[in-house]
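After the structure tokens below, expect a handful of questions from me.
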Amino acid sequence: MAVASLCDVVVTAGSFPLLSGVTLTLEPTVTYVITGSNGAGKTSLLRLLAGLEAPSRGSGTVLGFDICSSQRRELRRHVGWLGHEMSFYADLSPVENLKFAARTTGADVAAITPALDRVGLAQRSKVPMKFLSAGQQRRVSMAWFMVRRPQLWLMDEPYASLDDEGRDLLSELLVTAQTSGATIVLTSHGLLPPEIDAASIVMVGGRIAKVAS
Amino acid sequence: MKLLIRRALGPLALASSVATFVMGYFITPPDKVQGDLARLVYIHPAEAWVALYLSFGTATIASALYLWPRTRSMVADRVAEAAVEVATLFIGLTLLTGSIWGRPTWGVWWVWDARLTSTAVLGVLMLGYLALRRANDDPQVRAKRSAVFAILTAVNIPIIHFSVMWWKTLHQGATVFTENRDLKIHGSMAWTLLLSFLAFSLNFAWMVRARYRIADREAGQRDSDLDAALVARRTETAS
Amino acid sequence: MIRLVLLVAQKDLLIERRSRVLLWQVAPFGLMTLVLCGLAVGPTASTQARLAPGLFYIVLTLVSLLVINRTSQLESSRGTVTSIQILGMDPGSVFLGKALAMWVQLATVGSALLVGTTVLLHVSVRAAVLTLPVLLLASATLSLAGVLYGRIAASSANAGTLLPALALPAFAPVLIAGERAFSSLVVASPLARWVWLLSVALVAYASVGLLLYGALEES
Amino acid sequence: MIRLVLLVAQKDLLIERRSRVLLWQVAPFGLMTLVLCGLAVGPTASTQARLAPGLFYIVLTLVSLLVINRTSQLESSRGTVTSIQILGMDPGSVFLGKALAMWVQLATVGSALLVGTTVLLHVSVRAAVLTLPVLLLASATLSLAGVLYGRIAASSANAGTLLPALALPAFAPVLIAGERAFSSLVVASPLARWVWLLSVALVAYASVGLLLYGALEES
Amino acid sequence: MAVASLCDVVVTAGSFPLLSGVTLTLEPTVTYVITGSNGAGKTSLLRLLAGLEAPSRGSGTVLGFDICSSQRRELRRHVGWLGHEMSFYADLSPVENLKFAARTTGADVAAITPALDRVGLAQRSKVPMKFLSAGQQRRVSMAWFMVRRPQLWLMDEPYASLDDEGRDLLSELLVTAQTSGATIVLTSHGLLPPEIDAASIVMVGGRIAKVAS
């Protein structure tokens, strides 16, 4: 069964169509990379898949949940999210943030410290999030994916702001996730590392221009 | 039936208003104590009834209908908005005519009476509702938030009402309103009073309908704007 | 459910402990407003004692606006909103948890203010002590209402100014009832109906919140 | 210099016009607080006319806290702070420009509140009209002080709650002087000294601001 | 004369040293690229050069202004800045923001519309900044550089979030700026386009590990 299937979905903000009619099917255990020019609607599509935006026309399901109904909340529990902006509570440290998130979702609290070590934040894991550098904040999100192991990974330009080591780590993470059965959707403006074998989705003007694997 | 309502509402509202005016101004006798001032009784209570009960009742029911998933529709949202907007107008008029009445009767524009205070609080709550609508752009979000706020306000009305009532009885003796009750026993006056309620209710219905239709047309406009915007968006190039 | 309520409350209180907003900013603000109000009513001790309950509850209301504002700002930046939404928590529990944390904070500040009122505005100690249970009840009501109104105002443009405009009228009954109950202790008159009114408001807000908080989070 | 002052003021007012915070949120909040104060003080008309000036100025102070908070929040997000700093504007002009914009806003809301006070709290129309110049003076002082304190509180964590705690004590003299001047009109007693006090405060804040605003921007 | 010369500068935040002793000389009309792992202090160094941070030890001048004194404000007027985060007023549109900035700095107001056209924002130039996509916000900053033409360009990961066309545009902009005499300092985690001929500065642990041209 498809992980997501969208049928002519329109998403608007005010009177502006963020997505102008998206029809798309995502297959399980495939990695997709969305490309397109600035303002093409990549971030908006990811938000739609995460259940963060409600369609104003069209219909669709993601992970079996209807995105037009209140099942969106249920859907959100099953996806992982990495965005442009800082996530989590700015006043709490990475450890505290991840503990809160793990407890509320029932994820494994014991996995937090190793995950933070793994992404190289052992030293800075007790500093409030707002004091971390751009790349360090991204790494906290990576650690959360390791703890959470979601079914559907949604990542907005995950390679931005990471140094070489961080990028290798991310690629490794993505490859393991894919082999263990997760579906990954990410956006990117640059080339992906060769070890990532991804189907490409090209967006133009709020719609899908081309899907190629 | 629908057609009848559509055709008849405006003329009926107008006719009843004119009739109230004629009856109130020319036919009924002036009051012994208050003189011509007492003629405000054909305006003020009816305004208050529309502002507090009729319009806010409408808004609350419409908001509840919106929040209930099975009956959710933008129609309910628009009706609620129209009702509150009209209610704000009427509450303003109630306060205004009440103050005008109060100045000669009590010697001041305002007293801290239960009814007055709760009316004022409700008026500010309605302004809050309108402010809330203006602070959100997204129609869905706006509809939900303002519906929840309307329901909260409705829950608040009895609480405000009782708190203010009890609060007043502790501090103040008899109210002014009882004195005027005997006005009603005069035949022509009672009929005129009744007529004024009918007239204001009809006017309310007519105004809400007009406001609703404006909102509806705006929504239709937005819809076709969206179609145009969709076309424009789809023709963006890969650049 | 209860676990989640406690988790949420604990997280809000942890952030407060980290930032010490309550201790260093809200409490001094409250005391200062109290002093200003005392100044504005003039120096006669008898007038002050008579007006004290009213002033106390006005200040408490303003303080709760600050606390509400702060609590809902914790989740205001766009990235944070998203990552909280992704956790998909049960809205009823979030509502109760946040209200619980706010109650703890309001009750603390409220008690401090009560001491201030006793000292500054010549209220008898007996009346102040006896009014404590009413204060706990009133602050619970304010917290439940506050979380709801905070959420309604949040993440719309200019939440900081919208919130007071929305919540203040709704707080009026709590203010009146609290003030009356306090005054009854000062001048000895029946107080049961005010406690009753506060309890009704408490139950009303709790039920509306449990039912409708979800609808707000949706958006 | 004057060009820059006007530019800054114009920009702040443009943002206000875009968002309509003053009209829809601050003004209703002020009216509501006035009603609540009337409630808390009790219903006897005579008490109210006497207390009206005090209540009016308390409400005005609270309103100005909201406006200050809003004005300094405009420049609060980290990216915005940086790009404003990069413009390297003359701090004195920024100070005066922001104060000017705030003055316009405060004077507008203040006049609306004055009308409310007249109607609700039984102040004579004569006294209200005569107090208008004092109100303009007081709100100018509040604006100057407000921009300074807003800047001190801004960009430290939790500006929203820090600001009231810092600014309220400093507003006390303005509040008292305004209240006294207003009262003098209500009960007919000399008022020159209060106007005098307000003018001194105005000049003092303006000079301190012109001198030290730069030092604040530095940090 | 050197554009910037720093001598053993330390910058702290709380008790944490963001920069732990930086000694560096920047020559005019050279393009520098700062690289280093996450948390190495790249952003902090840029902020120091912009006059946004005060050194707690050490000394230095940038564009002839002493960065330990109040000349920092004067300095800020002469640099251009592009950061990770959104700049400008979120409630105002790009046009309004740039107009305000141009008027206060005395830059050419007439250049604003062409500059916004140039970066491809003609359509979205009247929408409040907060509604623009990540890449569009960056483009507004690029337009500001075109209007302002500063002497010293400081750019934090300028290539992130830009699409191919945006990147070409940026490279072109950088090349023109360099030939017209500006000095450019940028940070980057990836490779720069070949047309940019840059000296490299490597940072590790808050200090300069290597400078090579």
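Order of writing sets the labels: A, B, C, D and E. Residues in every chain begin at 1.
Here, a contact is a pair of C-beta atoms (placed from the backbone, for glycine too) under 8 Å apart; a residue touches a chain by one contact, two chains touch by 3 or more.
In this text the structure is predicted, and so the values were computed from the model without any measurement.
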Subject >> Residue-number overlap at the subunit C/subunit D interface, same or different (half cut) >> reply: same
**OP:** Would you kindly say which chain has the C-alpha centre located farthest from the C-alpha centre of subunit C?
**Re:** E
Subject >> Dominant interface by contact count, named by its two chains >> reply: C-D
Original post:
Quick one: which chain's Cα centre is the longest way from subunit D's?
Top reply: A
Subject >> Inter-centroid spacing, subunit E versus subunit C (mean Cα positions, whole Å) >> reply: 46
Original post:
So how far apart, in whole Å, are subunit C and subunit D when each is placed at the average of its C-alpha atoms?
Top reply: 25
Subject >> Approximate Å spacing (C-alpha centroids) for the pair subunit D, subunit E >> reply: 38
Original post:
Could you say which residues in subunit A touch two or more other chains, in rising order?
Top reply: 13-14, 16, 36-37, 39-40, 70, 84, 91
Original post:
Do you know which subunit C residues sit against two or more other chains?
Top reply: 19, 157-158, 162, 165, 168-169, 172, 176, 218
Subject >> Residues within subunit B bordering two or more other chains >> reply: 121, 124, 127-128, 131, 135, 138, 140, 167, 239
Original post:
In their shared complex, at which residues does subunit D touch subunit E?
Top reply: 4, 7-8, 11, 14-15, 18-19, 74-75, 77-80, 82-83, 85-89, 91, 214, 217-218
Original post:
What does subunit D use to touch subunit C in their complex?
Top reply: 19, 21, 24-26, 28-29, 32-33, 35-37, 39-42, 51, 54-55, 57-58, 61-62, 66, 69-70, 73, 157-158, 160-162, 164-165, 168-169, 172, 175-176, 179
Original post:
Inside the complex, what are the residues of subunit B that reach subunit A?
Top reply: 69, 137-138, 140, 222, 225-226, 229-230, 233-239
**OP:** Under the touch definition given earlier, write down the residues of subunit A that touch subunit E in their complex.
**Re:** 13-14, 16, 36-40, 43, 84, 120, 124, 127, 131-136, 138-139, 157, 160-167, 189-190
**OP:** Mind listing the subunit E positions that touch subunit D in their complex?
**Re:** 47, 50, 52, 54, 70, 72-77, 79-81, 83-92, 96, 100-101, 103-105, 128
